[in-house]
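First chain A sits with chain B, and in the next complex the same chain sits with chain C.
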Partner chain A sequence: MLPLSYALRNLFRDKSRLIQTVGGSALVVLLIMAATALNGGMAGVLSASGSPRNAILIGTGSEESIQRSEVAAQLGGIAEAGIPGVLSALGTPAASTEIHYMSFLEAKDGTRGQGLFRGVTLRALLVHPEVRLLEGTFPGAGEVMVGRLAWRKLGIAEEKLQVGSVVKLDGSEMRISGIFAAPGTVMESEVWAVLGDLYMLAQRDTASCVVLRMEEAKDFSEVELFSQQRLDLELTALRESDYYSALGAFYRPLRVMTWITAGLVAAGAIFGGFNTLYAAFASRIRELATLQAIGFGRGAVFFSLVQESVIACLAGTLLASVIALVFLDGRTIPFSIGAFTVSISPQVAIAGLGTGILLGVLGAVPPAIRCLKPSLPKALRS
Partner chain B sequence: MKTKLILALACASLSVISCEKKQAETSESVSSANPSLEKFFTEEAFADAEAIHAVKLKAKPGDEVVLRGQLMGRGKVFVDGRASFILGDPEKLTPCNQIPGDGCETPWDACCDDKELKLASTASIQILGEDGRVLDGGLRGIGGLKELSEVTLKGVVAEQSSTDLLLVNATAIHVTEP
Partner chain C sequence: MMISCREITKSYSKGSHLVTPLENLSLEVPRGEFLALMGPSGSGKTTLLNLISGIDTPTSGDLEIDGENIAKFPRKQLTKWRARKVGYIFQLYHLIPVLTALENVELPLLITSMSRKERRRKAEAALEVVGLSDRSHHTPSELSGGQEQRVAIARALVADPALLVADEPTGDLDRESATRILELLRSLARDHEKTIVMVTHDARAAAAADRTLHLEKGKLLTEDPNLVSI
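Right, the complex of A and B next:
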């Protein structure tokens, strides 16, 4: 075996080639890490947003968008009385009548952004137990409560959405009563108001849905049965987790595009790497033949060449990891129904490391084989 | 020769995986069925069965009715794990597979008919246990019952029924055309 120091010394023989290899691999690894983190973040927020214990009753035909759904305002009462298995907390059934309404919020300085508004009652806290008030109070009439990531989704400065600030919703001034968290869910990007206010602001006399929290996930069949027994109400029952999974499927083309982009850049980088390493190894054919002549086997020389390439790519991986941690980790990315936080998790780091090693091996094998293919006398004379 | 052998082995392993998947799906649908539901299915059709729209006009809670229809009127006509389905009136509703050139993947939802017509031409059918609750166990597959199956059934109009809603507690079901 050739010593590791031989491979290390060779790396620094041509500094411009080294920069090219390290830079190229860093770019590819960074793209793969970003694609993994973005896809994981979006899929994670959508899957965490729906609980399998929650059932949603929406209007038939609106299965793909709660915002389009219309159900009778009194459905909550009918459902909690007619469906067995609904969770009850201190005698209050966990049945939340809600309005989901997409509109614009305007800050005091005139900046405005589009976001999702949810009209709720206190019962929403029974069906969405992940919601926690961080500051202030639950909204009353003329007030709203904002999710801690709502500023990112709305594109309004965070300091404009503090407790006590006044904002405009559809021309009506509303005071921010509180800030809430709902870790890892789309609710963190929403603005919640009392149901009565949203009936008025959205100019509707119907709700969007009724969310029921069941004692057990298997009790969902009771909700589905209710929707069939009450054909006159024209309802569809959905598991909340299924609703958000379906939304995840809607965003699949977007996620596929990020992978295709990363894949194309990676393919380009691999071919670029081939060229660089062909040139680097070809200029050393006689040296490699001499090593064989003095007793090093072809396998040992081949391994050393691959080692050289892998070390360069791992340096690129390290660089990409540092860039990802500094510039990507913790960033909030808005998308149409909310926002998610990018996290450079161990899985993302492993994806980056795997890509770096793969690039090093794939990039070195064909040029190494080509340079070691000629017979020893021919190589020594080249 | 070697390549052919590898290809043959790959195809064989894929077919084994595929068969295993089908077996798993079948066993799942069988396991969710309740054997006691089969006694509600009869071999003989009910000759005096009436169309849903006609029954809806006159039926009152507690009346015994004999209905004929087709499993349609919604995207999902069965309730998973419960003895219930939606029966549509083929004299009023048109499943999408009867519309030339319509490639709808769920023809039983009768999506080309309007909401009011669907409401007037569908009935909710359920099988109750002795405790008055809808029995556990799905009905799909029993007696060949599936979406768009033609059935005749005998039952009693449930108390919750109204002019807009026909809810029938079935006592006997005959699958005319699975």
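Right, the complex of A and C next:
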């Protein structure tokens, strides 16, 4: 076996080639890490947003978008009375009538952005127990509370959305009463107001949905049964988790596109790598033959060449990981219904590492085979 | 006999026709002999050296080296055999540029199961034999041609092979360095019982050997005693 130092020192024979290999692999690895982190982040926020214990009663035909759904304002009362298995806390049933409303919020300085507004009552907190106030209070009339990532989704400076700030929602001035967290869910990028205010602002007399928290996940069948029996209400029952994973499916084409792009760049880099490494190995054909004359097997020489390339690509992976940690980790990315935080998780790191090793191996194998092909006498003569 | 070639032929197919650099060649070299091979360019000297040293295999004929018939060895077995039996000295030294003199010399020992410490010790001893102990941490680019060739000789003998082959080892050196290399080879044959086959174009180099053979168009000419004497 050839020593590792041989492979290592060979890397430094041509500095520009080394920079090219390290830089190229860093680019590809960074791209793969970014794609993995973004897709993972979005999938993560969508799957965390829906609880399998929660059932949503939604208007038939609007299963794909709560914002478009209309249900009777009294549905909450009817549902909690008619469905067994709804969780209750100190006698209050966990049935939250909500309006989901897409609109614009305007800050004092005139900056405005589109976001999701949710009209709720205090019962929303029973249904969405992950929501907790970080600062201030639950809103009263004329007030809103904002999720801690709402600024990112709305594109408004964070300091404009502090407790006590006044913002405009569809022309009406509202005071921010509190800031809430709902870790890892889309709710964190929403703005919540009291249900009554949203009936007025959205100029509607129907709600969007009723969210029920059940004693157990399997009690969903009771909700389903209810929606099937009360045909007059024209309802569909959805598990909250199913609703959000269906939203995720909506982003499939986008995800596929990211992967295709990453794949194309990786393929380009591998072909570029072939040329770079072929040039590097070809300039050493006689040396490689000498090693074989001395008694190193062709396999040992081949392994050393691949090792050399993998080391360069691992250096690229390290560089990419540092860049990802500094520039991507913790960044909040907005998307249609919310925002998610990018995290360079162990999975992302493993994806990067795997890509780096794969690049190193794939890029080196064909040039190494080609350079070890000539017979020994011929190679020694060259 | 250290080397005994019986009717060996080597031919290559070049496109449609056959090139035969060596034809029905027979040769015997006793252990410890320092043999010089001379001949015009293209006469098959390198080809013969490659066969004797297991770099290449003959198309036909028997090739017995130190009692083993290597003519039909498969590639892998031949590689292992080379590591044990043969040391190579090339005209252009062929040192590994990224390794120091000592590391270059140590290289053939990496194939053995020797401990790190023992490898170091042997490599240092080999460098001592060629008189370059003080250059052990220099890289090839920091050495003169003559010094590079001496490192190459140290590398060839470090694993203690019975056979050393050298293809124009002094072809690229000034006279003084060449003399030093030839003296070294002579002493390896005389004092260390190495069998040495050296290809050369230089009658003066050949004179350092015990015997000189002439190749022409792939055949050995009968020995000319006038050329052997100094």
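FYI, the second predicted complex is superposed on the first by the 382 of 382 C-alpha atoms of A that agree within 3 Å, B and C clash if a C-alpha of one lies under 4 Å from a C-alpha of the other, contacts with A are read in each partner's own complex, and residues count from 1 in each chain.
As a convention for this text, contacts are C-beta pairs under 8 Å (C-beta built on N, C-alpha and C of every residue); 3 or more make two chains touch, one makes a residue touch a chain.
Note that this is a predicted model, so its numbers are computed, not measured.
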| item | value |
| --- | --- |
| Fit or clash between chain C and chain B when superposed on chain A | fit |
| Partner chain in contact with A:231 - chain B first, chain C second, else both or neither | first |
| First (chain B), second (chain C), both or neither touched by A:294 | second |
| Chain B versus chain C as contact partner of A:221, first or second or both or neither | first |
| Contacts of A:2 with chain B and chain C, given as first, second, both or neither | second |
| Partner chain(s) touched by A:353 [first = chain B, second = chain C, both, neither] | neither |
| Inter-centroid angle chain B-chain A-chain C after superposition on A [Cα, multiple of 10°] | 120 |
| Of chain C and chain B, partner touching more chain A residues | C |
| Chain B versus chain C as contact partner of A:60, first or second or both or neither | first |
| First, second, both or neither for A:200, with chain B first and chain C second | neither |
| Closest Cα approach, chain C to chain B, once both complexes are overlaid on chain A (Å) | 26 |
| Overlap of the chain B and chain C footprints on chain A, listed as residue numbers | none |
| Chain A - residues contacting chain B, complex | 60-61, 63, 221, 224-225, 228-232, 234, 236 |
| Residues of chain A that touch chain C when the two form their complex | 1-3, 5-6, 9-10, 12-13, 286-287, 290-298, 375-377, 380-381 |
| Touching residues on chain C, where the partner in the complex is chain A | 46-47, 50, 53, 55-56, 75-76, 79-80, 82-84, 88, 90, 94, 96-99, 103, 107-108, 110-111, 155, 159 |
| Complex contact set, residues of chain B against chain A | 74-75, 79-82, 84-86, 115, 119, 122-124, 126, 134, 160, 162, 164-165, 167 |
